[in-house]
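Shared chain: chain A. Partners: chain B in the first complex, chain C in the second.
Coming up: the complex of A and B.
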């Protein structure tokens, strides 16, 4: 019964059969229950707290804010959806091109591409937008000084481009994780049957990567819906729900309306999620045997277009990061680009404490959060307990809520009995963990959906406990997902400000808060220095972590097998 | 936790200590505030702050009183959103600086503690709440941050008045924040409406609106974009000293036909753990020495009478400060912002 045949989806639904009660299995059960409970406490409970705010205030129940929204602010909702759809499609297309470039093309520069992908995950808030303005603004270095154009960069097009490029890195990494795991013998079969390489790519490779593509789309879409920073800085007159919601909290102090906007944002996100579930559930392809090398020899045309998109992406991103780097050493950013060390000298030692705090929070959040994400992915994709769909949805929920709301939601939920956590470092870390959980979980399920469960079944048949099977079989194959989850959680914790500004207490400032304040007071050079410090340290830790995750032959003798699932990373080997 | 216990202990000692003193003559006891300050030395004060030069200011305070300050930099809108969510159990003691309108809103919600400092008598009535829910520590004045290079390109003089901003050359060249998020922009709006009158005021705003390409969503953005030359003029709540020091080609101008301003207050949060320390802090901010230190580290007009102006604000003497009723402006906020939103928001 355990020897499921190739692609037998219905068998899967029943999951791994129960194999008698052992202490280890009990422990596994306990872990599942605890994790599910923590999701209820740290995701469902604060979400309810903020939603209640939108319908119950001043002591009574009312739908007034929703009615107002639909009658007066329909345009905002439409704007949000328009921008998100547009930027998602762009991000996924760019991401797919880059992923295919790394996994399938014969070009050089894969290592560089992978490093740039890791780098561009690190985008400290506001600094990127500032460098965009410096490069492409009305007086931008490229648009004005180089090309002599005076274009207006503010508006929906700027938002779409910046979001698409911003989300393309994550999309590429997610798709890459899946692409490298697909059964290359299917590609070989297609070639043997006479299809050319392009046809194989379109009919075999890309459909097989569908779980990754859809997961990337879901994440890009939700991220774009909830993004308030980009439209706030380069949107100009163009407003979306997330920015308006932010302004309603911070400016109008109108929490009920903001909460209503936040709740409304979840509707398109929810629709997207349903589409995602359907697609993924209908696409359970498993590979029996995986070979590392793709047999595809891409035609020159395909090869060049992949390389072109990837190269343009890299060029654009590098220019942006070089601008930020330059900003730290330029005498006056934007006016006098001569070399100067004065900004670096202006960074005081007192800032290092906040920096250390950021690092500590980010490391804990990344390790705990990613492990949590992997286990949840396993619970959702393999165990399929009753209610696994709900769990899957709940895990995605915090991502749909714009950062500042999740911060306020946490204050509303954890400031009073029964659970008082505000004022602790724990709640800051918890917020970072649960906010980024969707990425780790999504990356994990994307890999698992595509992974044949037979190995686990065999292991269980041979008497391995559930925990052993998870540790020895699942976790190694989840390496790319684990890496992605770590990099993402670590990076966002190092760079976000939206949610945690409401949770940190005086005396426990983190690095981004300081950077943001340097920008606010006009010390652009100093904030560039801080941004570079954040970028450098984050990149370094990401690289070191990637190195260890990919190198450590903890499961001795099975290295060959691991190779097959981890290749997303051979770029940096 | 340790701090909490310590603070509680301190307060207990303080309460019983003072109660015990009730019967004896006051003459042989040290002045109460000295005693308090001595007892509070070593305690910690948690501050939400929106002010320049915080590190230096708080170090000076600690040197004077022995009370350690831990702060978090937050805009006043963020502080208000946060203390509202914290429902009277704030994770801070003091709210230091920001837009007076947020303080008035917090006062209305019962989130502030009343404390009339003895030093407050040297602060003009217009700058403070009579019941001591908040007290102005300095005046924030609105100025035009003007990019001189951009003006030269446009072939136009540096604007000196609100009327100058309406010159055709400045079309698309003026940036101000959205009044619904920015205290600066709201003060500009209410100041213009209060001084010009409703009808004339809105007529002016209509014309100004035609000059503005879009409304910024952060208060710090207009001066920054003016510095980078993205616009000729950015409306700002300060004279952009930091940007000038960076070397950007900008000058600051106080509009001569009426400069909007507001008092930037200090307030004790209701439910403050270190209430006594908070009172000492308010006293210190308003004292002569405290006011000088504040001025030297963040160039603004001091709220206390008889304190010299900071050098860079010397010109403010020639400017005409608008006559603004802050409580009225604070109460009219929701309605005005709504009206503004329907006129220009889309």
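Coming up: the complex of A and C.
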């Protein structure tokens, strides 16, 4: 054997030092430590800060704020829970119908339905609230112009309905993900044993989809609880915890009160999460692989009911978008519907600047946040060094923390030395990054657990350092997860308001805050223009990015992409 | 000795996976580590490759202790059970991946990669995505990718276990041919005793993390050092001999006769397997397996009375 040709042998002869002392391995270690530290600073510390602030202020420990909340403000709590439970049940039922339609029906409308579901994921907040006013308001096109009614549309009814419809898409996508993973032969076995298709659906398919249904309910519940846009705009005199927390920070600057409300918002969310963990983690009867066999053939009646609910949902969503688009070009909504460009002309420089800021924040948050998520996924799924379970838990935490909680928490955590960050762009971006970290990380770990560790061993074996192996092998395999993380973080940063409304300062607002203010001051036309701009730009960037990521034809077929799609989850919409 | 494993031990959660293992290889030799799943053979291979640090013991290559060298700098190359091909790269990119780290010119890299592909007979698949290859072809790419590194030791982890029986035999021969041609020192992990017998210079039989026996295939087959080795490699009958002694006899070492022999028995069942027929003969309370070449003049049927000689 000619050892002169042997590269590694040569290295060996030069006296390569012992294990772990190479520069690149040190660098890798440093990166891990820094990332773990950043999780402590931007997730753990704010969560502690808000809880402390709610019971300790003016130099003493007191439960006064909680006592006030449970006595004087009891109605607030009840309102929040009532609206959340009601809208969650509705959202999950509608979502289940749609998911069953997409997974089981032979109709041609499946693709359209899927597209509409994805489209609704990128709407900015208050689109539903805005269109609700435009359709059913005092001068609403349906109530006033079509039916000739003059009714007061403000109150809990609208909040429940609009939240339910808004969260139904996400619920449908989550349930669909689970339905697709169910082994189709189980349905066939049920038919074979004599059950008809309806019974099979009720006794086999839906019970098997339970993890998805519970997950969907959990997320819808937390989102409703955290949603302050919808009740703020169409709630009228009906207030909930989230809107009051906002008033207490922005209007009254009563931080202990806001902190107590934020902490309270977290408790039901945490309870739901524990229940979810208990039920879902014990059920192992669904696999991630998609079975290729065709699903259960449904009877006509079942098929029609599913199609009816789905069609109504899609129709409603389309009406909503058409209304928003129309509103941008109507002279004065509710009075004069003639074509006009005056609202577009009214979008002046300051609003454009806010829009540019949104775009900039969203791009930075998406790139940095997703990369961070991928590295953490690698740390958790592969490195498994001491404390990785704690890291995993901390990274998951923002998933169950309602948006306003984390917004208020950031205000409280970063307005004192040594970390004075309030009022900076950095804190806004950091908030968006760490709030979406659970999604990116989960997507990453899902891919990594499917990837055989031998593939990395192999790269290491062939001479790659740890960092090189990550770059060459792990990152390319993570492409679908990276795409998902990017799309999710970008979209939510473009469309979020719940957390960052507490963090942006006047003069450096973002597009959603501008839009919120426009709606609150009754500028329907301008709001509609801003909504359209946000939708179009978000859609465009997501498409362009997806194109570049998925352009390489070698890895991952079409099915794979759809399968790894875990829908974007926003704490507040 | 070219490669020495000196007292390697590894435990997981207080369970010994490998216990005080000593093995030696000459340059150019192929040694199989054979054993049932969970016997510690893959752990051993991973310790040689540097993926799992040993709790104690050393790996010595050419007289130098390489135990603490990380896998990327260790002059070993592994072919993994799953092949571990990089799914986002094509055939030649996979094969040339490791050469990148040796700072070669691009042309030289490609030339070496192609030379190796030619050797495994896949030159025409140069630009194919690896997930479009069959199992056998993927296996060859994995082999080429490891061999192109010109490693001092080649490590093969159950390389043929994902292939069907026919292809397994074919690849077995190919691997042995290439290994001999390049004179590359190889450790070959397998649970398939037939594979180990046919491909190896020496076989190390492991059980419960311990070495049971090392020897040439013939020694291990003909003179098993323990009951475990005797039962694991091939089939064996334990026959009560004279007095207390029990003798272990391979099925093909027994002959049947209707007139005379050392033990009387009754044919219980017969299985035709092609080259020979296996008779299950009831002798007292036990069943003895006897292989008789199918070309033999005499055939027996169930319930025939026979005598066994060995």
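Everything that follows uses one rule, which is that the second predicted complex is superposed on the first by the 325 of 573 C-alpha atoms of A that agree within 3 Å, B and C clash if a C-alpha of one lies under 4 Å from a C-alpha of the other, contacts with A are read in each partner's own complex, and residues count from 1 in each chain.
Everything below uses one rule, namely that contacts are C-beta pairs under 8 Å (C-beta built on N, C-alpha and C of every residue); 3 or more make two chains touch, one makes a residue touch a chain.
Just so you know, these numbers come straight off a predicted model, no measurement behind them.
Applying the stated contact rule after C-alpha superposition, one finds that A:425 touches neither chain B nor chain C. Within the superposed three-chain model, A:151 lies out of touch with both chain B and chain C [touch as defined at top]. Using the contact criterion defined above for the overlaid structures, shared-chain residue A:233 touches chain B, although it does not reach chain C. Of the two partner chains, neither chain B nor chain C is touched by A:55.
After superposition on the shared chain, chain A has more residues touched by B, the comparison being chain B against chain C. In the superposed model, A:477 makes contact with chain C only, not with chain B. Look at A:460: by the touch rule set out above, it reaches chain C but stays clear of chain B. Contact with neither chain B nor chain C is seen for A:353 once the two complexes are overlaid on the shared chain. Note for the complex: chain A touches chain B at residues 75, 133-134, 137-139, 152, 154, 232-233, 235-237, 243, 246-253, 255, 331-336, 348, 350, 404, 408, 411-412, 415-416, 422-423, 501-502, 504-509, 513-514, 517, 519-525. Residue ranges on chain C touching chain A, taken from their complex, read 27, 49-51, 53, 64, 66, 68-78, 80-82, 84-90, 97-104, 129, 131, 145-146, 149-152, 182-184. Looking at the complex, you find that chain B touches chain A at residues 44, 46-48, 52, 55, 70-75, 77-78, 80-82, 84-87, 89, 91-92, 102, 105, 178, 180-182, 213-215, 217-221, 223-225, 227-231, 240, 242-243, 246-249, 334, 337, 346.
Within the complex formed with chain C, the chain A residues making contact are 1, 3, 5-9, 11-12, 16, 18-20, 22, 25, 452, 454-455, 457-465, 468-469, 472-473, 476-477, 479, 552, 554-555.
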